[in-house]
Each structure stands twice: as C-alpha cells, then as structure tokens.
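Across the two complexes that follow, chain A remains constant while its partner is chain B and subsequently chain C.
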Partner chain A sequence: MRLASWLTMRVAAAAATLIVLSAVVFWATEVLPGDAVGTSAGPDATDAERAAIRVSLGLDRPAGERYLEWIGQAVQGNLGESLLTGRKVSEVIGDRLLASVAVLLPAAVMIVVLAVVLGSAAGLRAGGRWDRALSAITLGLVGSSDFLLATGLLVVFTAWWPVLPAVALVPAGDELWQHPDLVALPAIALALGGFGAAMRLLRASVAQTTGTGFAEFARLNGVRGVRYVWMMVSNAAAPALHGLSIVLAGLLGGSIVVETLFNVPGVGFELSQAVAERDVPLVQGLSLTLGAATLAILLAGDLCAAMLGRHQASAPGGAR
Partner chain B sequence: MTPRRLAVLMMSSFVLVIAVCGPWLSAVDPNTPVAGPFEPSSGAHPLGTDVLGRDTLARVLDGGRALIMQAAVATMLGSVIGLTVGLGAALTRRRTVARFAVLGVDAIAVFPAILLLLVLAAGLPGGGAAVVAASVVVSVPFSVRVIRECTTAIIATEHARSAWARGDALMVRLRHDVLPALAPAALAEAGIRFVAAVQLAATAGFLGLGASAPAANWGRMVQENSAGITVNPLPVLVPATLLVLLAVGVTFLLDHITGPLLGERDRVGPDLVGVTR
Partner chain C sequence: MKSTTARKLAAAVTAGALLAATGCSGDEPAGSATSAEKTLRAAFAGGGSSETLNYLTGPTALDFVRAKLVHAPLCELDPKAPDGVSYGVVEAITASDDLKTYTLRVRDGVKFTDGKALTSADVLYSLRAPMLLKGLPFTMLISRNFDMEAATAPDASTVVLPTKSPIADGREVICQTTLAIADKTTEFTTNTPSSGPFTIESFEPGQSTLLKRNDSYYGQAPELEKIELRSIPDGAARVNALRQGQVDFISAVGPAEAKTLETSDGIKVTNSDLPYASYLQYTMNIKAAPFDDPRVREAFRLAVDRERIVQNVYYGRAFVGNDVPALGFPSYNTTLAQRSHDPERAKQLLTEAGAAGIKVELTAGPELPGMVETATLIVEDLKAIGVQAALRELPAGQLFADYPAYLSWPFKAGYTPAAYFEINHTPGVFTDVDTLVLTARSAATEQERLAASHQAQKLLWEKGNQIAPVFVPTISAASDRVDGVRELQFPDLSRVTLRN
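Up next, the complex of A and B:
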C-alpha cells in the first residue's frame, strides 16, 4: 500500500518535471530570438516579409496562449509538421526511435555487465592492485567526454586498424539492428563513457558491505566462493542501482553526440540536425521525446531500487 | 604533495596556460589558409595544416580560450546560485520553502546536458550564451546539494550552535562559523563543475553550436578535421589530447582532495554524468 502511494507521488513528480521541460522547450524555441520566422523567411527577407510570416504562423499571438494550444495538441499525439520536409513530427520520431534503441540497448547491456563484474571484483578486494588500476582507468573515462572517446574509437578502428565501418550507412529497406557491425562502434563508445561512474558506485557499495558486521559473521561461518560474492553484491545493489539508472538516463545525452558522429539515423542525430536547421516543431517534438524517455528510465530505476530496499528490510537479520 | 600529483598539477596548468594565453602567443592568423589541406608537420607549420589548409598550431593556440571563458563564467554563476540556494535552504527555518526550492532546482537537471544545450542553442544561435546557460542549469543542483549537506553538518557543530545560542547575527555566523568550514567543499565542487563545463563547451563546438564557423575551437577542430585523420592526425589529436589532459588532470587532483570531503556519491558524481553527457 505504501509502495502504491509512493509510486503515485513519483509519477506525479515526473509528470510535473515533463511539464517544466515542455515550458523550457517552448520558451527556448518560440520566445527566444531564434524562432521559426528566421527559418521560413530565409536570410534575405525584409522586415515586412518577416512580419507577414510571423502573422501567418500565428507567432504574433501571446506566448502563453500558443503554449497551451501546443501542449494541448501534443497530449493528443499531434506534434505538428516539420518546417522543412512537411512530414509529421510523430512519424519522424517513430522512424528514428528504432535506430536509437538498436544502439542504446547493446550499450546499456555492456554497461550493466561491465559495471557489475568489475565493480564487484574491485569492491571485494578494495585497495588491491586491481582496484587501484580500475580506479585510475575509470577516472580517466569519466573525465573524458563522449565525443573524445567516440572520436578515439573512430580513429583506432577506421584509420589504424580498419575492421569496422566508420559511418553507419544502413542499406535501403533494412533496419539498423540487422547490422551488428554498424552498431558496434557507437554502442562501445557509449558504454565506455557510461560504465565508469556506475562501476565506481557499485564498488563503493560492495566495499562498504564487506566491512559490515554481518559480512564478517558470514566469513567466520565459512561462507565462501560464489555464495559469499552473491551475498555481498545483492546487499550492495540497491544504492548502486539508483546510480545506474542515472547513468543509463545520461546515455540519451551521449547518444546525441555519438549518433551525430557515426551518422546513426536515430532521434539524437535528427535532433542535432533539426537544431542546425532551426526546424522548430521537430526540435520541440524530439526534445520532448528524449526528455520523457529520460524520466521513464529514472522512474524505473527508482522503482527497482525501492523494491530491492523493501525486500532487504523484511529479510531476516536486517541486512543493511 | 607527492611528485605524481605535482606532475598532474603541472600538466593541467600547462593546458590552462595554453588556452588562456594562446591567442597572444600565436604569430600566424588562425583563419587564413597558408598551404594545402592536411599537410604533415614541417618547419614552417610544426603541427601541419588542417582541413582548409590553415596552420594547426595557430588554431590550437586560438581555440581554447573561448572554452575556458565559457566554463569559468558558468562555474562562477553556478557557484553564486549554488551558495545562495544551498546556504538559504540549510539555514532557513521554513523547511517547506527550502524543500521546494531544492526540488525546483533539481527538476530540470534530470535531463541530459546535451539535450538542454541543443534546446537552448535553438533559441540562442551563434553565441556562447546557450553553452553557459546549459552548463549552469545542469550543474547548479549538484552545487546546491553539496553546499546544503555541508552547511547542515557545519551548523550542527558545537561552535556553530553556541554562536547561534548567544544570538550572533546571521552575517557574523556566516562569516566566522559557516564559510571558513565550507570553503574547501565549495572550491572542490566548483572544480568538478568547471571540468564538466569545459567538456560541455567542447561538445558544443563539436556539434557545431557556440561561436560560428571560422572561429577556432578545440571541440570543433576534432570534428572538422576527423576526415583527414589518415593524412595528418595532428589537427585532431592535439586538441583532443589537451582536452583529455585537462579533464583527467583536474579530476585526478580533485579525487584525492574530495574523497574524504564529499563521499563517493559526489566525487565520481553520477549526477555529473548528466552534466557532461
């Protein structure tokens, strides 16, 4: 019962956050100077022409009124049409989503596997040689931004040791996920940037758990091997899970850069193109989609952490 | 200070000096083509030429200052807001107001920095303003939380409680009891945000946002010269190496300082993953 009311609160908070984002998106794209008039009018338009376009696009009406109308349409799934191609924004998003997921899913799996394996190994032997080496490496990875890691991979795997294609050119009629060789580089780039922070959190949590009284009691009672590792890691998972969900949500930001660099035809690539071309309805629709996806991931992470925590509190021995 | 930390400190300072003083050191104009594209290094052009045949060394010297300036402005603005909201939330007795202030600051920062950067760049094209604004928005919650947690711990100490009990004015308590103890944490978290802001500014250049085309920018150099990586890798490698040296150097230095100060959660900053990524 408490979980249900907690969940309602969290969903309401996420919805409120999405409304804040929609206001920011609307304000940035339609109220700030770089609005749709510049795109439609072209660079040579006179002031009178610009004013006429402003009226025809309905941009002379008050911003609040336009925002309410826009958000009302968006709730019904109508995000308008692209200024440049005239395609429906919701259609464009539907097209692009699959390619983004084809890159993000393998990256997320790699992050989880690397973080759990390396984080547990380092945390169980905190202070050891492995632990220090991993700590230095992940610090370097966390410190470098995604575009540098992705460019580094691009240089190594296309110029010096050409085994993977540099640009994701998907044959017509195929989907990206049918070509693992095209997915590999972007997914590895995202995973390298993301796993460091998740791994360090799990490491810290595992190291803390091995120092507790119940862990010592288990060791003295002869709990060894896989059983001991599982006991430590499962008890350390809840706090790290929250961090993992933040890392996975952050992947969506990294995917914008990585998709742009590798020409992956995904949501992030489309968004950076739309910003460059000032295609206002497309920018609005794509950024709302990415924002909603971020919130959904964080919500799922919170829910998992809460359920793990609940399980722990009722576990015999109160292992916390 | 151990020799290793000294070496890392020198390395990071070296990058900062190049970035800030570079435009004064360069004798060649960074925007004029001087030779063919992607020529390898020679006596006249120590780092060769870039995609348009411009001198790479001149562009490297010219391309760091904008990043550092944007990051510095964003860090200072972030510190001002972070200190104001964080101290206010910790010191006020209106718990509900404080809670909602922190919640409000947190709300928008759950979104990836690059998403906010692109949205703001759509409205503020061709300038550093979008970069600075995005950096501030995504990093302020981190600052607020660190400052608030540290301040809450500080005002619970004996000396701070006795100052409060004998009726010292708020400003006196801030000046003598809170701020001196808060300074190390505030500086460390500002350092973390500075690195994140430099990375975000470079990413903006890489994505073609920020100052418009001919202006040199380490992030944009990586992007525009990656086509010629097999012919002359230096126009990509040199700016990329400088960015990595700065980020890793400062992160390494702060890691040792901030470990005991901030705790694991803040020091690797999963929240900061959202700031740089």
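Up next, the complex of A and C:
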C-alpha cells in the first residue's frame, strides 16, 4: 500500500516535470537565433518567398499560441508533424528510438554484467591487486572521451583485426537490431565508457558492507562462497543501482558522439539535426520522449533499490 | 575459501568477456560479399529524417542527387554546349527575337513508368510545380523570370513561356534545376510515376534509398542494375565505410580527408572541374563603416594570400578566385587582372581611408568544406596589415538560420553553388552593376550582352564588396572499380560502370 502511494506520487511528479520540460524546451528553441524558415529557405530566397514559407509553416503566429496548441494536441497523444517534411513526429521518434534501443540494450546488459562482476570482485578484495588494477583501468575508461574509445575500437576491430563493420549500414528494409555485427562496436563503445561509474559505486559499497559487523557475523556463522557474495552484493547494491540508472538514462540521449561516428540513426543524432534545422515539433517530441524515458529509467532504478532495501531490512543485521 | 570466490569471479569475468567476443565477431563485415555485382553503393551526407523524395522541398544534396536519378531533367546546364545547356526530355528551346517568349519542344517517345507518354502538359506542370507545391526558393528561379500564369501548351509537344521582361538567358533559367514530373503530381512516393534512368525500390529517410534501373528510360541505358544510396552524416564515418569496402563511392569528402585517402590502395580521389566549383565569398556590408569606403574593401581584398589558402586549406584542390563569381562559365570575364597579394598596398589604402587599426569581426560557420579554415587565414592576413580582426565561428547549420541577422552582419562568410552569374545575381548593392546585369540579360545582340556582363564584373572587381579567394570543388572518393561518375554541380551516378 505504501509502495502504491509512493509510486503514484512519483508518476505525478514525473508528469509535472515533463510539462515543465516541454515549456523550457519550447522556450529554448524559440530564443535560439533563426527559425525553420531560415534553414529551409537557403541564402538566395527573396523576402516575399521567406514570408510565404513563414506563413505556410504557421510560424507567423505568436509563440504562446503555438505552444498551447501543441501541448493541447500532445496531451491527446498527437505530437504533430515535422515542419520541414510533414512526416508524423511520432513515426520519426519510433524509427529512431528503435535504432537507439538496438544499441543501448546490449550496451546496458554489458554495463550491468561488467559493473556487477568487476565491482563485486574489486569490492570483496578492496585494496588487493585485482582492485588496484581494476581501479586504474576503470578510472582510465571513465576519464576517456567517447570519441577516443570509439576511435580506439575502430582502429582495433576495423583496421588491425578487421572483423567488424566500421559503420552501421542497415540493409534496406531491415532494422538495426537484426544485425548484431552492426550493433557490436557502438554497443561496446558505450559499455566501455559507461560501466566505470556504476562499477566504482558498487565496489565502494561492497567494500563498505564487507567491513560491517553484519558481514563479520555472517562469516563467523559460516556463510561462504556464492551465498556470501550474494549476501554482500545484494546488501550493497542500492547505491550502485542509482548510479546505474543514471548512467543508462544518460546513454539514451547522450550517445550522440558514438551514434555519429558509427552512423547509428538514433535519437541523439536526430535531436541535434532537428535543433540545427529549428524543426520545433520534432525537437519537442524528441526531447519529451527522451525526458519520459529518462524519468522511467530513474523510477525503475529507484523501485529496484527500494525492493532491495526491503530485502535488506529482513536480512540479518539490517545494516544500511 | 575466499580464494575460491575470487577464482569463481575470475572465471565469470573471463566467460563474460568470451561471450562478448564471440557474440561480436560471428558475422562478416556487412556488405562485402552480399552486394549484387552491378550494384553501386554510394554514401552521401544526407539529412536525417528530413530527407524527402520531393526534390522541390528537399534541402540536401542527396535529395537532389536522388531525384535526378529518378526524374529526368528537362535539360541541364552545360557551359560547353552551343546553347549553354544540354537537352533532356525537352529537345529544343527557342527564344523569340524580342526575347519575350520561349518555346519548348518536348521530345517524342519519352514514357513515364506507368506507361503514359510524357507530353507538353507534363512539362508545363513540371515548370509550375515549384509554385503549386511550395518549392524551396532555389526552385523558384523560373517563376521569378517567366509569367507562369500565362504559360500555355498549345499542342502535345510544345510549351510556350512568356517572360516577365525580355531575357536572353531563359534557357539557363529553365535548365538550372527543373526535373520532369507527371501532370498533377502532388506527392512524391516510391510509386510516383517517373521518367528518369532509375526507379525507387525502397526509401528510408536518413538511412537508405534503393534504386533499380528503369528499362523504359528514353536515354542512354545505365550499366548499373541498382544503386544503393546511403546517408552517412559524419565525414569520418563516410571515409571509414569506403576504406572498409562497405560502400564504393562517397561524396563530400573534406580536403584533409582527401589528402589521407589519396595514399590508400584501391581508392581514388577526384574533384569536380570548373565551372562546377562553389563560389566561396566573404561579404563586407557596404551600408556601414568601415566598408562604405571602397579603399577599405580593396585593402581587405589585397591583404588576402589566396595561394596560401589553396595550399594550406584545400591541399591544392581549389581554384584561385578573383573576387567575381562564376569562374569557368562562358561569360566569366577573363580579361580582369588576377588580384595580387599586396599587404603593403593594403596598409597604404587603409591609412588613406583613415581606417588603420580598425576592429572587424568575421562571422563564418562550417557550411562548406574549408569555409572556417579559410576565414581563419583571412583573419591572420588582416592582422598582418594592422587590422584588429577576429573570427566568430558559428556551429554547423547556424550561419543562414537567421537570415535577416545574417544580412545585418558587417563581415560574413557565404557561398553560392556553381551557377551562371547573371541569372543568379542578387540586385540591391550597386545600382550600376544591377543595370549592367539587366542589359547583359536582355540586350538584342550577344556582343552587347557579353560586353555588359564583362563590364558588370569589372565594376564588381574594382569596387565590389566580396572577397572571393577560392572556388571550391566537390571532392569525391571511390573504389578504383568505379568509373564514369560525372562531377557536375552534384555527382551524377547514372553513367557509372563497375569493374569486378
């Protein structure tokens, strides 16, 4: 019951956040110099031609009026149409989201596996050789830019040992997720850049947990092996889960560098393109989708952490 | 006991890594073996989801390249041909003696893919389509010059276009961009009837277009069976795709990338020849100080070391400009002396104008390869003559986004694709030049027209407000199996041949 009311509160807060976000994004695209007329007219247009385009795009109406109309439609599930091509915004988002998720999902799995395995290994033996080596490597990875990691992967897997395609060229009619070879490099690049933060959080938390009286008590009681590792990790996982959800949420819209370099036709690239073209409905739709997805991932992270917390409360010792 | 835990963990890590490695290396690089033998895979920058099959509203080079493969041109600019144009589905264009009427003769035997014959009604509709279907301004050249309301199609193979005022260069106006579409076409889908060398099999905006040879094409049949057009927005990614053999041809290669690709085995780099080079210009606003003084404008033009720009920015792949547009076109004034690099004279002129040590800010953005780098060198050259010059670099896509603001900036970069000077001249800066251009377009004899055009260019050379240090060709790179790419304003792939 408490969980249900907590969930309702969170969802209501998320909806309110999205409405504020939509207003902020609209305002931000509005104050940027220029509009879709300038980007589509080209330098040789006459003033009359520009004015005609402005009217046909509906950009001659006041900004407030346009925003209210847009939000009215958005509430009913209609995200409008692209100013430049007239394609349905929801259709564009669907296409792009599918491509992004095709890369993000394997990247997320790799991040979780790497973070949990390496974080636990390092945390259980904090200060050991393993721990120090892993710390050096992950700090190096966290400190490297996406561009550097992606370029390094390209050098290794397309030049020295050419086993993977350099650029994600999806055969016509197919979807990206149907081609694991095309997904591999961008997903690995994202995973390498992303797992460090979550792994470091888990390591610290596991190290801390193994130092508590509760861990000592478990060891004295003969808890050993996998059972011991599970006991430590599950008790230590909550803060790392927060970290993990933030990393994953960030990847969704923030992987523009990797998307660009590997030519993944994802949300990040489309958003930057839409901003450059001042295609307001597309910018609005994409940022709202990204916002909603981010909030959903964070909520899921909190939910999992809360579940772990309940498990933790019933665990012996109950150290938090 | 702890050691077993560690061992188990190590095993898990190894297993995970192995899994990841096998999962990733199981497949061959895409495209290498699967492509059909006569399929050309060509990559362009594209434009994300804003790509469209409607060439009238498609702003990217890829949209036009694709459209031109699908819809036959009425005619094309061809500076070497006797009429200045080469003919397509229109086989002749004649102007009346008073230059007030143009008559187009439609080629017989041209068919659309739905089997219908192409007639004058289709040609007339193609010429009106930019207005009817709200085309982008670059398609509006015709309606600016011809009275399209009064245009008629008296019989199935004749179209008559009255001009708004007498013009002698109506052919160039008609042929600059017009493609043939069927009468009453209002939307462009993969099934829209077309008359070009290829038809569309599939189209995914921002990703790929698959084109198939149109066997009922009236012209020279393409040797290729299929063309796969790919959108790869990032220049480095395009180069990587070519190097790895994922594509056979890439367009819009940067000068530095071209330099590195030149040394690669099995890859050849080409650039378009004159006149197909963009007019890169840095415009000074003469409405305000310091550029209202012609001496300051001349000083700025003399300060620029053009040869250094050609070598350092374009690695030799550019043509030195002489501050007037349309280099390589027949009416280009070749009698003008090449502007020299003369910093001493420039300093002197600035002192005479009382503008020594003035402050200027040059605005540029990466809208054309080398635009920002050239601006950087110009700023250096200006500093060398004592001007306090600074560069304001805008992110991609910003330069022309706010056009009124762009017009108001005192000193800014810009470019014009390769095109005739006279029909694309924007009036309003120098009235004497405008008058001469009007004469160059409408005088009765060819000598008079050419003389006026040359005089207009001379005035622009003497007192004009643009520094045009270089003309920039488009650079392409291709596997050495690829031949027959025609480097026009945009690459034309219709006559490509592929060796095995």
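Following the convention adopted for this analysis, the second predicted complex is superposed on the first by the 288 of 320 C-alpha atoms of A that agree within 3 Å, B and C clash if a C-alpha of one lies under 4 Å from a C-alpha of the other, contacts with A are read in each partner's own complex, and residues count from 1 in each chain.
Criterion: a contact is a pair of C-beta atoms (placed from the backbone, for glycine too) under 8 Å apart; a residue touches a chain by one contact, two chains touch by 3 or more.
Values in this document were obtained by computation on a predicted structure and should not be read as measured data.
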Superpose on chain A as described above, then tell me if chain B and chain C fit or clash.
-> clash
Touching partner for A:Ala238 - first (chain B), second (chain C), both, neither = neither
Which of the two partners, first being chain B and second being chain C, lies in contact with A:Ala108: first, second, both, or neither?
-> neither
Which of chain B and chain C A:Arg224 touches, first, second, both or neither | second
First (chain B), second (chain C), both or neither: which does A:Ala305 touch?
-> neither
Looking at the overlay, what does A:Val142 touch: chain B (first), chain C (second), both, or neither?
-> first
After superposition on the shared chain, which partner residues are touched by A:Leu118: those of chain B (first), chain C (second), both, or neither?
-> second
Now for A:Thr260: first (chain B), second (chain C), both, or neither, which partner does it touch?
-> both
In the superposed arrangement, does A:Ala215 touch chain B (first), chain C (second), both or neither?
-> neither
Check the residue A:Thr29 against both partner chains and state whether it touches chain B (first), chain C (second), both, or neither.
-> first
Determine where on chain A the residues touched by chain B overlap those touched by chain C, and list them.
-> 32-35, 154, 158, 260-261, 274, 276, 278
Interface with chain A, chain C side, in the complex: residues 1-2, 4-6, 8-10, 12-13, 16, 20, 23-31, 34, 47-52, 57, 59, 134, 136-138, 140, 144, 201-202, 204-210, 228, 230-234, 236-238, 240-241, 243-244, 246-247, 395-398, 400-403, 405-406, 414, 416, 424, 426
Over in the complex, which chain B residues touch chain A? Could you list them?
-> 107-108, 110-116, 118-125, 195, 199-200, 202-203, 206-209, 219, 222-223, 226, 229-230, 233, 236-237, 240, 243-244, 247-248, 250-252, 255, 264-265, 268-274, 276-277
Mind pulling up the chain A residues that touch chain C in the complex?
-> 32-35, 37-46, 49-50, 52-53, 56, 82, 84-85, 87, 92, 95-96, 110, 113-114, 117-118, 120-121, 124-125, 130, 154, 158, 162-167, 169-173, 179-182, 184-185, 188, 224-226, 228-229, 260-263, 265, 269-270, 273-274, 276-279, 282
Of all residues in chain A, which touch chain B in the complex?
-> 16-17, 20-21, 24-25, 27-29, 31-35, 138-140, 142-148, 151-152, 154-155, 158-159, 193-194, 196-198, 200-201, 204, 243, 246-247, 249-254, 256-257, 260-261, 271-272, 274-276, 278, 280, 283, 287, 290-291, 294-295, 298
